[in-house]
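Take a look at the structures listed below.
The two complexes that follow have subunit A in common; it is paired with subunit B in the first and with subunit C in the second.
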Partner chain A sequence: MRQRTKLVLVVAVLLSIHAVVLLAGFFAPYDVEAQHRDLPFAPPMRVRFVDSNGNPHLRPFVYPWSAREGGFGEYAEDRNHPAELRFLVQGKPYTIVGLFTLRVRLFGAENGARVFLMGTDGFGRDLFSRVIYGGQISLLAGLLATAISLLLGLVLGGIAGYYGSWVDDVLMRGTELFLALPWLYLLLAIRAFLPLQVNPSQAFLLLIVVIGAIGWARPARLLRGVVLSARERDFVRAARGFGASDFYLLRRHVLPQTFGVLLTQAAILVPQYILAEVTLSFLGLGVGEPVPSWGSMLGSLQQYHVLSSYWWMFLPGLALVPYLLGYSALAAILHERVKDVFL
Partner chain B sequence: MRYLAQRLVRCLILLLGVSLLTFFFLELAPGNYFDEMRLNPQISSGTVAALRAQYGLERSLPVRYFRWLKSVLQGDFGYSFAYNSPAAPLLWVRAKNTLLLTVTAMLLAWLLAVPLGVWSSAHKGRALDRITSGATTGLLAVPDLLFALGFLLLAVRTGWFPTGGIVSVGFETLPFWEKVKDAAAHLTLPVVVLVLGTLPVLVRHVRAAMIEVLDSAFLRASRGHGIPRQRLLFRYALPAAANPLISLFGFSVATLLSAALLVEVVMSWPGLGPFLVEAILARDIYLVIDAVLLSTLFLVLGNFFADLLLYWADQRIRAE
Partner chain C sequence: MHALEDVSFAMRPGEVVGVVGESGSGKSTLALSLLRLLPPGGQVVRGAVELDARDLLALEERELERIRGAEVSLIWQEPGIALNPVMRVRDQVGEIIRAHHSWNQQRCTDEANATLALVFPSDTARIGAAYPHQLSGGQRQRVLIAQALSCHPKLIVADEPTASLDAVIQAEILELLRDLKQRLNLSLIVITHNPGILVGLADRVLVMYAGRVVEEGPAARVYSASLHPYTRGLLRAVPHPAAEGGAGQRARLQAIEGNPPDLGRLPAGCAFEPRCPDRMAACAEREPAEVSPDAVSKVRCFKYGG
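This part shows the complex of A and B:
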């Protein structure tokens, strides 16, 4: 029973952190491409309750940045104009999942003042908004690539397990080959044979296909094992004895038995593939400007001056941690449950 | 002996398979090194065609594969267009650096993981064990890329560690001990990142393997005989738990190599990683193939070493 509550809790947390990214327009104060050219590389603003004179405020507020006299790209807090944060404010219209157009945003500063919780990048784009939007690319890449991997694994593993003989041998040697290579080298090598200059949406497609295609081996081996044992169960043999066709047997009796393994594998693969997307985009081989993804945002740290002067450009990386923690907790719980069912 | 010979043959077949796979994948790639030249108005199309012919790019796929294979056997490992030299000498310099990094990290990670895992398995369920498992879960959720960038950020802001390369400028003129200190300072951050990345997985496996053995009957009997705890853990339980761990050693080479690639790129360590990325961007295909093949070779060697260890550690395999 305790395990069940744990599972519900983990799933609820995972769903809610995914919802933040899905409803990016609501949680982000600015659009992805909104530039504040007068404030490039502005540091994160501190949300305060007590002003510089020591007076407490009821509402949280920020001090806006003003360019420091005589210095390029240096900012000072404008203590004379504190801007209070308002919640559920009307902002620029945005669309959610391309369906609804809304104007209401979670928070914003009063009187048109600007608020940058994580600072801005070199174009003066709000990093906080871009991190939330960037999650859409990174998470979607992870999920779609996982779907591709599992589908390939299910089909190939199913064929190997169900038909056996030489097909099985050939496919299993193939999985050994794929499992033997260090995955990042393999990923890069395969990415290398695809065109380098592509637009963001093509790059995204290439990315998920490449990542998904590389990972088929492990799920295929596991699913082969499941299918192999499922095929020999008494009720499956009985059904075959009654003249059930291969297709019917697979769909009705074998496939349902693979769900546990599929789910566990998904929970293991999604975070790995999110990381794969982040890595490739970080190296400049994934989705590029102006579309944000966690990897390409971190990529700017490869320039020395960004790394040495603007530490907040590191923050997009921290956004990864809750997702990875959530998925690893989910994988651990699912693994326990599947083990209970099968043993 | 037959066991080892079998393993060796399997390794060779695997390497051949990998080389075929990467070669044919890359040959399918649109564009090659000379395409950029074609766009250059100062180079005539005749020159480009002549260069292509000179490097045999006009020949059919199998011919090119066998030519490449021949040059591997001759020790050239193909030809780099960008560096205009045989690939082997370029590769060895980088491969040595990658080996230095990964072998150091590997040794350190295992030296830390074994005592930590044994320790937490001996204290199973108590505060110590909880702290270690909490820490490993936390470390697992932080990707290597973040560790690398985070430590680099630290190094840049504090100046405690050098932020790239393998030695400082003027390394040649330093006295011996200064040389060692300098190299160690450059090695520290990448190794720390790699160890932090691999340690949690290793600790978990050591702990799991040890717990299984600690529950077994022979160990309870030995405990009943009053054998001291320390001796019981390290002389009785650990050797019995060694088999899955030795196999894990082989696998951990793979993850470490992938992690090392990224760490090398981020921390500008002049190993195979940055070299491979550069070669991909330049479409220098033989270098890409060689780098992938070399990484597989390291991995295969790691697995082979694990097999050797297993052969030495397990009587049953020797008896077969």
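This part shows the complex of A and C:
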């Protein structure tokens, strides 16, 4: 029962992260490309309930930044113009998953004042909005690459385990080759082969396909083992004895036995692939500007002055934490459950 | 290594043949090789399995798949693991019917229910909807029997149908098999290590030792007047099966001396020679040939000419 509660909790957390990222337009106060050139590298604003005179306010409010005279990138709170936060305000129109166009946003400041919960980057773009939008790329990359890896792994590992003999040998030597490949350098080499200018969505797709395709080896080996033992189970042999064909056996009796392992593998692979995407985007191999992803946002930390002066530029990295922890916890719980059922 | 050598027998429709022998005597290999179901690495080197003048061993895999379960089917041993744990019992009977008929789902389910009713006269619906883990060992064994019966096969091979059950359930399953034999006129091969369970079920008995049939004959004769020394040893080692239907005489059980031979290193002569109480000089030199002391019996022993 306790384990069940834990599972529900973890799944709920993960689902809500995914929902926020999916509905980015609603939760983010600004578009990803909206620039506020007068406020580059503005620090995060504090949401307050008590003003500088000690008077409590019913609504949360922020003090807008005003540039300090004579110093670039130095800001002071404009205490004379507190801007209250309003919820469910009408803002600029946005689309959700390219289907619905809406105007209502979760929050915004009154009278057109600006609110930057996580500060801004060098172009004055709201970091909070970009982190939420950036999740779309990063999470999608993780999920899609995992799907590709598992599909390849299931098909090839299943074939190797089920048919055995030389097919098995060839495929397993293949997995060893892929496990030995240094994937980062391989990706650098692949990127070097491509034309310099690739549009962001193509670059993104390519990245996912390559990460996913390189990663087939580990799930394939695992699933080969599962299929190998699954096909020798008595009820599979019994079904063969009653006239089942190879394909029927695989579909009806062998593959269903792999689902538990498949699920656990997925929970392990998703965060790995998200980190891979982050790494590659950080190195400039992923999606390019202006499309944000967690990795490309962290990429600006390569500049020394950003690294040393603007701590809030690390925040996209922080966004990874609950996500990665959530998936690891999910993998651990699933592993426990699968172990109970299948061993 | 040859697990079976020179095994040959014929069956009439409606006949029940018992195959009895110790572990490792090749009984299960016999059952599996009938349908070419030997595990990887095993194969039938020579021989034929003829069903209505068709050699099953010469068929394509595709054609054989149409025969398995439909014309010849197996009652598997170990009911605990021969059923898929995540499928309802009714579906596991129905999938066999579906595989061999082009009927719609509803008709297959009806047929599966009808088959289950043969082995579960009461409570059919509840058991059909259950998963294997919700059933007892005896109930699961009944499901395996229903699976074998589902397509009205010409021949059913029961491999140790009662091996993992306790004595009371064992008796119930045997009673069921006897009953089904009467009602459906089944042709049955029953494989077992316990000669006792064949009483009242088998018409004919084959006694196997080290991959060979050492004695064959009508069940009553094999039990009351065994020819081969191994058969006699085997019958002395179990509570007397009372072939004549009596209460069973009380006698001290006697084990057969020694162990079954390693099939990879069989002695030059008769495989039973090292353990045989009646051994003769010829036994260690060459294998006895099969002889027929009467029209319906065969035996492989020098005592009867060999």
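Keep in mind that, in the parts below, the second predicted complex is superposed on the first by the 325 of 343 C-alpha atoms of A that agree within 3 Å, B and C clash if a C-alpha of one lies under 4 Å from a C-alpha of the other, contacts with A are read in each partner's own complex, and residues count from 1 in each chain.
Keep this in mind: contacts are C-beta pairs under 8 Å (C-beta built on N, C-alpha and C of every residue); 3 or more make two chains touch, one makes a residue touch a chain.
Keep in mind that what you see is a predicted model, and the values were worked out from it rather than measured.
Judged by the touch definition given at the top, the superposed model places A:96 against neither subunit B nor subunit C.
In the superposed model, more residues of subunit A are touched by B than by the other of subunit B and subunit C. Once chain A of one complex is fitted onto chain A of the other, the partner contacts of A:243 are limited to subunit C, with no touch recorded for subunit B.
In the overlay built on the shared chain, the residue A:184 is in contact with subunit B alone; subunit C does not reach it. When both complexes are overlaid on chain A, the residue A:285 reaches subunit B alone and has no touch with subunit C.
Touch criterion met: A:252 reaches subunit C, while subunit B stays clear of it.
Of the two partner chains placed by the overlay, only subunit B lies in contact with A:275; subunit C stays clear of it.
When the shared chain is aligned, no partner comes close enough to touch A:104: not subunit B, not subunit C. Against subunit A, in their complex, subunit B makes its touches with residues 14, 17-18, 21-22, 25-26, 28-31, 137-138, 140-143, 145-146, 149-150, 152-153, 156-157, 254-255, 257-259, 261-262, 265-266, 276-277, 280-281, 283, 285, 288-289, 291-292, 295-296, 299-300. Within the complex formed with subunit B, the residues of subunit A that make contact are 176-177, 180-186, 188-196, 275, 278-279, 282-285, 298, 301-302, 307-308, 311, 314, 317-318, 320-321, 324-325, 328. Subunit A makes touch with subunit C in their complex at residues 164, 232-235, 237-245, 248, 252-253, 256. Listed in rising order, the residues of subunit C touching subunit A in the complex are 35, 37, 39-40, 62, 65-70, 73-74, 76, 78, 81-86, 95-96, 99-100, 144, 147.
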